[in-house]
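A, B, C and D label the chains in the order they appear, each numbered from 1.
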Amino acid sequence: MYSQSIQKLIKIFTKFPTIGPRTAARFVFYLLKLPKEEIDNLISVISQLKADVKICKLCFIPFQNESELCEICSSQRRNKNLLCLVEKEIDLNSIEKTKKYSGLYFILGGTISNLKKKDIEKLKIKELEQRIKTDLKIKEIIIATNSTTEGQSTALYLERLLQPFNKKITRLARGLPIGGELEYADEETLSSALENRRSIV
Amino acid sequence: MYSQSIQKLIKIFTKFPTIGPRTAARFVFYLLKLPKEEIDNLISVISQLKADVKICKLCFIPFQNESELCEICSSQRRNKNLLCLVEKEIDLNSIEKTKKYSGLYFILGGTISNLKKKDIEKLKIKELEQRIKTDLKIKEIIIATNSTTEGQSTALYLERLLQPFNKKITRLARGLPIGGELEYADEETLSSALENRRSIV
Amino acid sequence: MYSQSIQKLIKIFTKFPTIGPRTAARFVFYLLKLPKEEIDNLISVISQLKADVKICKLCFIPFQNESELCEICSSQRRNKNLLCLVEKEIDLNSIEKTKKYSGLYFILGGTISNLKKKDIEKLKIKELEQRIKTDLKIKEIIIATNSTTEGQSTALYLERLLQPFNKKITRLARGLPIGGELEYADEETLSSALENRRSIV
Amino acid sequence: MYSQSIQKLIKIFTKFPTIGPRTAARFVFYLLKLPKEEIDNLISVISQLKADVKICKLCFIPFQNESELCEICSSQRRNKNLLCLVEKEIDLNSIEKTKKYSGLYFILGGTISNLKKKDIEKLKIKELEQRIKTDLKIKEIIIATNSTTEGQSTALYLERLLQPFNKKITRLARGLPIGGELEYADEETLSSALENRRSIV
């Protein structure tokens, strides 16, 4: 029902994460009302994005500075013995916000829902193996994938893959989240919360 | 925590309708992974949008053809006696999808939540008055704003504004929506459903 | 895992409308902590319920007074020309709360999801036919079932059933409920809202 | 609007946990339609409940057998060194379902949202102190309150209360629940998930 150029842009926005055709249409009408300067600004920021932002060769974080490596990988203050594997950039950001982790990261770039070759090739598996082989400072690898089905399949795959490297391998604790109630917790979550119970000092 | 260009683009996307900072960040990481051709295509479609799409002078629908007016306003088949006032483009599209309306439209461009001059100036009030004054074929004006608080305030404002024009003024019927239950309906909705009850032929 | 008497009561409460086993268990532990007087009171009110409450022979509302008929059916102030058919007692109560209806009611006792004999027999169909045959004051029958799939099937069944009686038959208006938005309304709801649009005086 | 006995019973049901006036009304209409035998059965089970069910003097679980103590407290197979403090009966049941805990329990009977005397007196604090003083087998006390605000306040209160007893005091682990995502986890949950990370064998 919408005109051709509008439909073309709706189709592109529908590929954006979490966006359906209705929100995509709202984006287009929003852009149609935007002053020319703001449209120009949006276009210039998008077109500069890839030029401005480098991807760190070690951890695959997007970053922006003169150096070869991102701020975390090039920092003297980070603990080089810890390598935390996360699914995506936003997860890394969530962990950084806690200010409780001082080690390094590796962004896998996704999850594996089954063991199909095509699925595995989307992840930076070769780069991860290479990294662990060559970086002798790494003592512990923390698998910090989500607790979703895909995240758990990916964790299992990584556990098997990383065992030959003879590093300590750990996973995020499972337990009751803030606000969680025993009555509504699934059995696995509650079992973990009990087994990993911590001492009060 | 994100680098400068990423933050700049997150800020722009956060102004898009319904988008918060988390989804805005996902958009940026999505764009960072997109092949150069697709980025170029997105930029070209956005930059062409305003050039390709005209805004109809009568109803303010965005459209795309050689004519001066949009397809609805220039059609010989539409009923020129009916003018339907809607808040925004998507509402017009929703009504067109029902295939039950053959009249013309007027897009107000928003809602009035209070009677502040600043708020009212955002809407195409002057254009609406001009349209009704000059278009003598209009016999009925249908106020088709949403049933939200803002939509209802806007409807009340329009009712008062349009009374001097001596046209028939109507509003969308209030009633039970599909799936609605009497038990959970508010009293105003249920009252309207009763008062506007329709005969079975 | 719970002891026998607790399990027995959980099973009974699970048959209460909307109650699952978890809430049923909470009910039992609540009762176990209740003082003896309150338990006794609950039991006495439940055991008196059926003795105290009569079911009106005309409309099937539960009521409680010396008369033969409920307060609505025996009132001189109600409009005897209108008969409103509702699925259940709570729906009647919802309509009474609007204070916009002054006619009489008939409680069907449920809905028909298909035309199986077993389903139809659960409803007071014979009593309804008898009522309409004998009560010559009835001029309009308002089918006020829910807009759910079951409510709509029941309405269709009733329409066909009641046609031979040569009364005016009406149904609740469909339309946008309070808070409703055109963008999210289904096509049938929006079509009805348009078709039944009402004039502003 | 409902008759007197119906209103009385609605009022009683509204005090049941999680039940509002609407569901309470549905309960009453459900009971009005129930055959006399089922009403009698409900009444008999409720009136027998307190006679049938004893409350264990050690852990305050409701139970039903000839012995003085509940099945868990009187079992030879349970680990007498562990005492798990839970808010209510259903939480104990949730832990038993995991089949990962073999120790004993103590039901507190609620939570403390502030340190008001009135609030504290609702909980079995004296009984808990008495239990810990006299039961010399207890080596570890597991505070298994919910992760809600009230549960956490209660846990803090218990920690302080129990410190003088010189027992090991532990709390359920906090972490990502099944299905949890790093992106949506609060900082405290994610910090705990990281700090309590567990080794893969």
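Quick note on the criterion: a residue touches a chain if its C-beta (ideal position, glycine included) is under 8 Å from a C-beta of that chain, and two chains touch if they have at least 3 such contacts.
Quantities reported herein were computed from a predicted structural model and do not represent experimental measurements.
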Hey, which chain ends up farthest from chain A, C-alpha centres compared?
C
Centroid of chain C to centroid of chain D, CA atoms only: how many Å?
37
Intercentroid distance (Cα basis), chain C paired with chain A, Å
52
Chain C residues counted as touching two or more neighbouring chains:
22, 90, 97, 183
Name the shape of the chain contact graph, picking from line, ring, star, complete and other.
ring
Can you tell me which positions in chain D touch chain A when the two form their complex?
86-87, 90-91, 94-95, 97-98, 100-101, 142-144, 146-148, 151, 159, 168-183, 185-200
For the complex, which residues does chain D have touching chain C?
1-6, 8-9, 12, 16-18, 22-23, 25-32, 36, 39, 41-43, 45-50, 52-53, 55, 62-65, 88-90, 93, 96-97
